[in-house]
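Have a look at these structures, which come just after this line.
Common to both upcoming complexes is chain A, partnered first by chain B, then by chain C.
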Partner chain A sequence: MKPAPFAYHRAQSLDHLLRLKADLRGDGVILAGGQSLVPMLNLRLSRPGNLIDINDLVELDHVHARDGMLRIGAMVRHHRIATHPLVRRHHPLVAGMASMIGYHAIRQRGTIGGSLTLADPSAHFPLAAMLCDATLVLRSTRGERSVPYRALYLSPLNCALEDDEIVRSVLFPIPPPGCRMEAEIFHLNHGGFPLAACAVALTADARGGVATLTLVIAAGGLRPVVLDRELDGFLGAGPDAGLPAAIAGHVAAILPLEDTAKAPAAYLSAVVRRCATLCVTRALAPRAGEPA
Partner chain B sequence: MKTRVTLTVNGQVHDVEIAPHYLLSDVLRDVVGLTATHVGCEQGVCGACTVLVDDRPARACLTFAIQMEGHEITTLEGLRDDPVTQALQQAFHERHALQCGFCTPGFLVTLSAWLKEATDPTPAAVRDLLTGNLCRCTGYQNIVEAVLSVAATECGR
Partner chain C sequence: MTRDIPDGYVGRPMLRREDGRLLQGRGRYVDDIRMPGVRHAAFVRSPHAHARIVSIDVRAALELAGVHAVVTGADLVGEVADAVVSPPIPGLVPTRFEVLPTRKIRFQGDLVACVIADDRYLAEEAAERVEVEYEILPAVTDMFVALADDAPKVDDRLASNRVVHRVHTHGRPDDQERDAAFVVETEFHQQRQSHVPLETRGCIASWDQGREHLTLVTGSQVPHPLRTQLVRRMGLRDGQVTVESPDVGGSFGQKIALYREELIICALARRLGTPIRWNEDRLENLQASCHAREQWCRTRIMADADGRILALTLDIVEDFGAYCFYPANYIAEVVGIILTGQYRVDHYRYDLTVALTNKCGVGPMRAPMAIASWVMDGTLDALARESGLDPIEIRRRNMLSAAQLPYDMPGGETLLDVNIDETMEAALEHIGHARLRADADTLHGCGICNVVESTTYGSRFYKNSGIGGSGHEAARIIVEPDGTVTGSVGLAASGHGYETAFAQVVGDGLGVSPDGVAIRLGHTDAAPYGMGSRGGRGGTAGGGALYECARMGQEHLLHIAAHMLGLNTARNLRMIDGRVEKLVDGAWRHAGVGIADIARLAYFDPLALPEGTRPGLEFYRTFDPPPMTFSNSTHACRVVIDRHTGQLTITDYVVVENCGAVINPLIVRGQQIGAVAMGISGTVLENMVYDAAGQNLSSTLGDYAIATACDIPMIRIHEKATPGSRTPLGLKGMAEGGVMGAIGAVANAVNDALAPLGVRASRLPLSPVYLHGLIHGHAISQH
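This part shows the complex of A and B:
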């Protein structure tokens, strides 16, 4: 199908973008990579009166690592994140997640700012941003504010941006040495939206047991669930071969999964257990070059 | 309301009169008159409309033509003299990697860009790449074989 007509505005600078957004408010929809928005326009699921194209804004296209933070501009495309030396060195999980989104051609256009603000509950970057407790830097003509993504994400497809706000950058805290992050994504069809996904951040203690543990689960179209204090019972545990399955079983048991059009709750729960077991196992595995 | 836009396609400048909501895929075919870019799903899944924007693969159906002012578009027609594309076309021909041919332009454009960057084109990497292009005829086996035969000679050059 073809999109409905709209008025087109190409933002010439960040200031120009903020003025357009302030003038048009909710009817000025940002066109970033367009890899999710344009299908919705083509299907006429969305019919905005105005599109604001930000593809040529160099102010939103930056990658820096400093002061313990990896800062990624809102317009940085998935392929660049997946292959960027700074991202690969400081935050391999983020690079790895970027490399798995959709298809090769989609990753050349799709952007991290677009993906995070779309807030698809099964998408890769929302999962990574929730796990890492990333912060979004938001701008409007009224000024700048920084909001943790966990707070900005209200519900699936719904972020708490004001009508006149845009995302400038995403800040990922660089994981401390010894913190391992792993993700496991389950697709029914390669490149499609994940049915369920799990990401884990785990720090091992001197014996190889669990010192810190955070898990994020995305399944069943629910808002991704961050599990932190809920897993305190496992702190100090291990190392033991049954530990990943025990953590996964606990996680699956406390998730409020329900039957969906794609899969029944029991199946989703089994997939969550499998994803969690795999990523916790990898996070606990000894690695070459690291002290045991 | 239509507006005048200058598009650079295969190195040639075209002044076209288009509305902002016209998809690049439609403008390439219906306004510029280049019909190698095929239109399949119009939701980014099938890959038949893949073109290069500033030398990187992009879905023409997920791009508005008006966005392309100041950017360089390359369609399969523009890769006519590209040696990697020619090698791919020959390999597709020899290994029966197409039947109806509808999807083939999207495969060739995607692959020609990818092979110029790929450092380790394993069978798994080729299959991973080709999840972004649907072919309803071949079952992919012959396409993968054709790509690997070209990769063996073209990659790392």
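This part shows the complex of A and C:
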């Protein structure tokens, strides 16, 4: 388990990084936290000619909240996101998702930029970014552009970054008051890869029924599925006890699940149904200190 | 044989002295040991499960600068002898195999060539450049398929893949059926697992050409038996080889055999004249080191209307993988021997079949007989469900009482010193009698498993069972010239806490403080030839040998002390904490002489010793334990199963344990919890999966799931200990029973939870996917 030979570059500044990316074109892979890349290198599943280490780049290590946006630098580690006061205050779902990634040691190294661009179908941050309709700020020597993550994520392990582009920051819209976000991750063992996950954003109407509803599902190696208009039929529904199960049943029915090496489609469907039920139930539950 | 010293060190929860160094990164594992000029090895391994080697082209690999050798099987013919496993056991087919295959590979990850280079990166780069042409053969990955007449043969030299078929019969089990009110057949299928030690295998071999001496540094459980295997295969003499295992980062049975990789490294170190190191990586460890546990059992129990057992039969089929590093009957045989535990069974038969397949070879893993307690108590639970009788009442009715011990078990061993009748009642009290009902979301179950754990195997056992080797252990104690003590024994510690526990034993045996006792282990030159660490033998065999040796030493020291004190007998003397004490008017008083005074005399003033006493203070003593010692326990747990997802949660877990006298309760507690955790992990998560073509689908830790501390419930442990009657200090041994009990308790609890649905889980692991399928009536194939 040693990687195939590669050239190692240590970026000294953001400009240096952008020049390296431009010069190396497609053959410069970024080493951030290394929690996915290094195993892939050691298994020789990834054989880049060049590795660009960006661990010195403080320009990519920032957390701000302004103008209705929570901005997180690409190099911010999972542990910092999980514990950062701004993230916890403005976006508890993102903080909570970060706290559930892998193990303690992984969270000390892994970065949000790395996780989002890897686009692992079962990972936590892609699910959160899809749910929140987060935007990635991309930079290259050609300039900067902002692209919704939902558009950037083409398919599992495949994000539509240009060869010379890097992620500078992630922008999460701060949820409006009254919007509840919940996630449920199903693992076979603690810290292992999730088998299925569901995240929901729900705004209740004055009666406690559903005013807005977005649901994201990750299961069976699919590109995480964002369900929004598909759930319009539930808008205006009252807060009755059967509602979460009804929504979950609808979600499970429309997902194109297939058998995987870990579990058959029927089982994945059952787990998705359960996760969705639990998420929606929690999102609808009255919470202390909030107006009913 | 009980201790007559009040307030001894044995029995005290002393903190482990080795933990300071191990926890601060100051251990000396193979990878910590630096050696100048060392070269690195990497192996070319087969990507196929079964294939003929047509050709191997090493030229491109040798062209890389820094690559020193690329060796194939043909290069080692004549230099290293084949592995031969052919003990005279009826029903066991003798097998042999080459150190590096020359014609055919038998599993994915099998060895094809070995590269020696300046560093491991280069070695792997070169290994990738070795071009091997294979003729792919059909692979057999299922043991039942392997036993069919037309199955592809794993070993071309053999008539079939069936390497063992043995039947042991006690009484006339078949004749009992006509009197039986109930006849119940039950199946149990345990999945393939692996040991996954934190420190993978590895070694550094160096050949001293001037002295013609080989030194092998490797994390071994059994340094001396490993040396024996090594000298036989390499054509050397015992005195030409030193095996050192300074610290071992976990072993669990994986570090007993002499595997092919270490042997190849030794042979190449000798051939090339440079030290060579090989560190197994995790991929190699999971794919090609050693697997375990893949067994299918079917019991057939015949009982009368009251649930009393009339007869029991057991069929076991075991998958032994591609190579026999051990006699292939050995693991299944222990299951057959131990199965009936503390139950009275007058008529019994076990029938063992072991098959070769195109998968990694297997070996013992912490509790080789792990499945036994589940099979026995699971059978009684099945009988209870079939008969409508209470499962606990069935256990009580068939339980041997204290008055019925010793009992000649139908498997052939003599059971004694066990008290499951007591541990079970205590466990029932602790787990409570509440019956929780199933609801729309959850199923609830409670499971009980009684465990008889065979811990220490004496030489008589090996002789009786036809397995080669000895069960004795050897200890050496040196009272150094300054009065401090060095004890050594032929074991190797992989986190066991031996250095602490054995210092306590020596402290009591010799009459010194453990603080002044150094324990040296894991070195064939430093320790006397012993059988190493395996099973639950460390405390009883190793501790017992050291204790007997220390007692002998104390007798000698007191003999000298009596002379120094002008007494003609040592009868009224004893040694405590290095002080000689004398019994005066019924009270022990310091006699004014200590161990340092005695040592000074023995080493530097021998003429002052008593007449006929030789200078020096070295003691050597061997100890052969009884044929088998037994510990016992009862495990009880409660589980909740989520009907929607099949997810299993263990909500309470109780063990009531009788492992005899305990040297250090802290260490024992750690072993018990560790064993239960390992058992739970194997019961609910771990699974070594191969596809039909023989590709290993579990060769990273992302795929081979192991329970973490977060997956393990709080484990409540209670004691109901009785001392062993035939061992020094009343020791019995432990550390494997927790695995056995965990499998049985959790699986029985799950089946209790499933019972209202009329389904039963017969396969491990009890994964959510599997349980969900059972609950919802659609059989989902086991993943």
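In the analysis below, the second predicted complex is superposed on the first by the 292 of 292 C-alpha atoms of A that agree within 3 Å, B and C clash if a C-alpha of one lies under 4 Å from a C-alpha of the other, contacts with A are read in each partner's own complex, and residues count from 1 in each chain.
Just so we're on the same page, contacts are C-beta pairs under 8 Å (C-beta built on N, C-alpha and C of every residue); 3 or more make two chains touch, one makes a residue touch a chain.
These figures come from a predicted structure and were not determined experimentally.
Asker: Contacts for A:105 in the overlay, against chain B (first) and chain C (second): which applies, first, second, both or neither?
Answerer: A:105: touches chain B, not chain C.
Asker: Quick one: is A:191 in contact with chain B, with chain C, with both, or with neither? Answer first, second, both or neither.
Answerer: both
Asker: Taking the superposition on A as described, I'd like to know which of chain B and chain C A:53 touches: first, second, both or neither.
Answerer: Only chain B is touched by A:53; chain C is not.
Asker: Given the touch rule stated above, what does A:273 touch, chain B (first), chain C (second), both, or neither?
Answerer: Second partner only, chain C.
Asker: Touch check for A:38: first (chain B), second (chain C), both, or neither?
Answerer: So A:38 only meets chain B here.
Asker: Considering only touches as defined above, state whether A:262 meets chain B (first), chain C (second), both or neither.
Answerer: In the superposition, A:262 contacts chain C only.
Asker: With the two complexes superposed on chain A, say which partner A:2 touches: chain B (first), chain C (second), both, or neither.
Answerer: both
Asker: Would you mind listing the overlap between the chain B footprint and the chain C footprint on chain A?
Answerer: 1-5, 39, 43, 103, 190-191
Asker: With touch defined as at the start, can you tell me which chain A residues reach chain C in the complex?
Answerer: On the chain A side, the touching residues are 1-5, 39, 43-44, 103, 186, 188-193, 261-264, 266-267, 270-271, 273-274, 277.
Asker: Using the touch definition from the top, list the residues of chain C that touch chain A in their complex.
Answerer: Contact set of chain C toward chain A: 120-121, 124-125, 128, 281-283, 642, 644-647, 685, 697, 700, 702, 705-708, 710-711, 767-769, 772-773, 776, 778, 780-781, 783.
Asker: State the interface residues of chain B toward chain A in the complex, per the touch definition above.
Answerer: Those in contact with chain A are residues 19-21, 23, 26, 42-44, 47, 50, 53, 56-59, 61-64, 66-67, 70, 110, 114, 128-129, 131-132.
Asker: For chain A, which residues count as touching chain B in their complex?
Answerer: Against chain B, the touching part of chain A is residues 1-8, 10, 31, 34-35, 38-39, 41-43, 51, 53, 55-56, 79, 102-106, 108-109, 190-191.
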